[in-house]
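Take a look at the structures below.
You will see chain A twice below: alongside chain B first, and alongside chain C after that.
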Partner chain A sequence: MHISDGVLPTSMAVGSYAVSLALTAWSVRKTRGDDLPKVAVVTSSFFVASLIHVPLGPTSVHLLIPGLVGILLGSSAFVSVALGLLLQSLLFQFGGITAWGANSLMMGLPALTAGWLFALIKGKTLFRTVLAGAICGGLGVMLAGTVLAVLLISSGEDFLGVAKIALVAHLPVIAIEAAISAFTVSFLYKVKPELLRTAFPAAT
Partner chain B sequence: MHITTVSVYWLAVFLILLVFLGFGCTRLVSFLRARRSSTRSVSRDRDRTIPAIDAHAHNHSPFHNWDPRFKIASLFLYWFCVASLQQLPLCLLAFFISWAAARLAKIPLSTSMKRIAAVSGFVGMFLLVMPLTVPVKPGDHLLVPDSFQFIQFNLRGLHLAVRIGLKATAIALMMDPVLGTSPLPVTLKALAHLRVPDRICQMLSLAHRYLFVFHHEAKRMATGMLARGFHKETSLATLKAMGNFIGMLFVRSFERTERVYDAMLARGYNGQIPAFMEFQAGKKDWLKGGFWVMAGLALVISDLMVQLPLPFAG
Partner chain C sequence: MGAFSLLNRFSLWFAAGLILGAALFALKASAQDFQLSRSSPPGREAGQLAGQNDKPNRFEQCDQIMAQLQQQKHLMTRELAQIKRELVALREHLSRPGMQEIFAGIGYILGLVGIAFYLHCRKLRKGP
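Our next item is the complex of A and B:
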């Protein structure tokens, strides 16, 4: 779920803008010049992937995949997520333009954490890599839900109910994303393993 | 605190209204879209065509002939002014201003409705949840249905949700007049002039261009999967197929970029895309920018200074 315009108090909206801009700048600096177009393209392929709906009983949920972005891009993940969210806001109105900072934090921080953790715990074998992928994929959504709840609750006690419901709505997505991330990582391990190796040079 | 017992029917009326609002917007959008194109997609999934953001950039209006640097800068400030409003009548006013601006900028009604439909899910959730969950404060007006005494419908919550909905819609309607009225490369050039780092502008332009390519690619892959008898269901097999789908989409897009990037380097790409246009700001650009900044500040100041009456406060 992306926060729309008009929910966050001005101080929160402006504050999260500032933090997100700083993190984006850091993330761009960490990206090598040659990799910039690559990151841009990954941004758009994740944008497309997040349009995919996974059936869940009578309804369906769309993928968030902050975990996968982190796994594949490492420290460049934040700028990728931030630009992807900006485009989503401009094109689809998914997430408000004044809440861009908050939404970037909500998806970007989990992406960075997942990327860092993946680089730390992935082993040499297929099993360990897939396990790491599942953990990081699930963790990404879990953290995204947590950051969303924290942002809502700190916007005022009136949003407590909404925050609780949003948090519960994230629970089934954690399992789905863990599974999808595991399958995607397993696929990449077999087909193009170098994609899993380049991420997060800082942690290795 | 003020408690009114109401007939349970009012709760039903509220729920039905909500459902109509949500479904109505989506229906309207798909109806408008179906009228425009007679082709139907193979997939039974909802149509997720990515709209071109600058599809209406060729029209003529006060927004089209406005220097994009001033347009973006002044309306960015205006967006934040609207987002910070506290009083419901002013939020309503902001909504009407945005609606008028979208019409003035010759944005088609279907495009505006699509924006509203996109926020309707989020806003609908707030309308449903907030009245039932906001903590009761002294001075609140509660509606309690006569046969379900445990439900407390807090009008302050409804108030908050309506306010959020109006602000979200007002800002959403304002997106197209700002971004849809000049071609995207020109908008990006304007961003670069406004001190947005060059690298970011380039990545935005590349990412936007590739969106459509990969969306097309994903659709082709989905058609292939359908042709092989794949159907979505709640099962591990579906998740595995989708995991592989995303992996493949990623590998393909990655390899494609490497090829294209090498080709760009071979043609002398050095991180700069040359642009053959210069911005020229006139008096009118300043005036329009000034108008929107003043409008935003006027909204904020009257929000802080003037106590306007609350509708349905009880």
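Our next item is the complex of A and C:
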């Protein structure tokens, strides 16, 4: 799920760049200084996660983990995703550099949504927290597919067709990421619950 | 001196004759050989001697060669397809990011966040 160079029309690429830069600036301002080490670790994980391929029939899809980034970082998630995608496009040639804005929106908006939702629905108990983690983890990938479809309307694709393909191809990823998020959240809940507590200051 | 010169001359003519004879013999043999190879390949001599008609035999041979060529072409095509597949796989393998890129990226992330952290700490120290 990466948009390559030259797929989007110029106006769309420039517009998404502007929105992404604005969101990144907002995200940086929202980031508390004490959270920076956490941001670094989660960004590194996000950067590397896309190299983990899940074989699926003749093709393979890779992990995306926008949901988990959102859960762990809250409003700082956008800068994390933007930085990770910038380095991915520079070093791995995943997605084009001109499509960086669109790719950041595609991963960053689901991350913010997942973080906001997680802060909203996580309860006090372990079960409720884990359930919220699983839902938000799966939701991140689903939303990413939806945003991809919305972005590709501008290049003349048909929305429902793209959305269907993206969602069907990523069904295993959705399941795997829900499981990974649930596992991570349950582990953190037991070991270091304060990592989950202040995830999205805006929602609390 | 005179006798020696006579003997000498005789032996000279004798040697020249020998050489000429050998050369003629070799020329004749090679000409025969050439004619033989041109008129018919060695394998078909028996058929020709038996007085069979020449034309169907030639067509048959042509067909044989054609079949062999086609078989060879088929084998070559298959091998070429295999090599092309391997080439594609190799190209994909080469374009896949390696350890170097991964650690470079992680290093960039840690470095950038480290700078941000440094600025944050400097602000904290100056603040109060």
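A few comments on the model shown:
The rule is simple: the second predicted complex is superposed on the first by the 176 of 204 C-alpha atoms of A that agree within 3 Å, B and C clash if a C-alpha of one lies under 4 Å from a C-alpha of the other, contacts with A are read in each partner's own complex, and residues count from 1 in each chain.
Here, a contact is a pair of C-beta atoms (placed from the backbone, for glycine too) under 8 Å apart; a residue touches a chain by one contact, two chains touch by 3 or more.
Being a predicted model, the structure only gives us computed values, none of them experimental.
When both complexes are overlaid on chain A, the residue A:183 reaches chain B alone and has no touch with chain C. By the document's definition of touching, both partners, chain B and chain C, reach A:84.
Counting the residues of chain A that each partner touches, chain B and chain C differ, and the larger count belongs to B. Using the contact criterion defined above for the overlaid structures, shared-chain residue A:93 touches chain B and also reaches chain C. Applying the stated contact rule after C-alpha superposition, one finds that A:22 touches neither chain B nor chain C. Of the two partner chains placed around the shared chain by superposition, chain B is the only one that A:162 touches, whereas chain C remains out of contact. In the superposition on chain A, contact of A:195 is made with chain B only, not with chain C. By the document's definition of touching, both partners, chain B and chain C, reach A:40.
In the superposition on chain A, the residues of chain A contacting both chain B and chain C are 33, 36-37, 39-40, 43-44, 47-48, 51, 83-84, 87, 91-93. Of all residues in chain C, those touching chain A in their complex are 95, 97, 101-102, 104-106, 108-110, 112-114, 116-117, 120-121, 123-124. Only residues 1-2, 4-10, 13-14, 24-25, 28, 33, 36-45, 47-49, 51-57, 60, 63, 65, 68, 72, 79, 83-84, 86-87, 89-94, 96-98, 157-158, 160-162, 164-165, 176, 179-188, 191-192, 195 of chain A touch chain B when the two sit together in their complex. Taken together, the chain A residues at the contact with chain C in this complex read 33, 36-37, 39-40, 43-44, 47-48, 51, 83-84, 87-88, 91-93. Partner chain A is touched in their complex by these residues of chain B: 45-46, 48, 50-51, 53, 79-80, 82-85, 91, 114-115, 118-119, 122-123, 125-126, 129-130, 132-135, 157, 160, 163-168, 170-172, 175, 179, 197, 199-200, 202-204, 206-211, 213-215, 217-218, 232-234, 236, 238-240, 242-251, 253-254, 256-258, 260-261, 264, 271.
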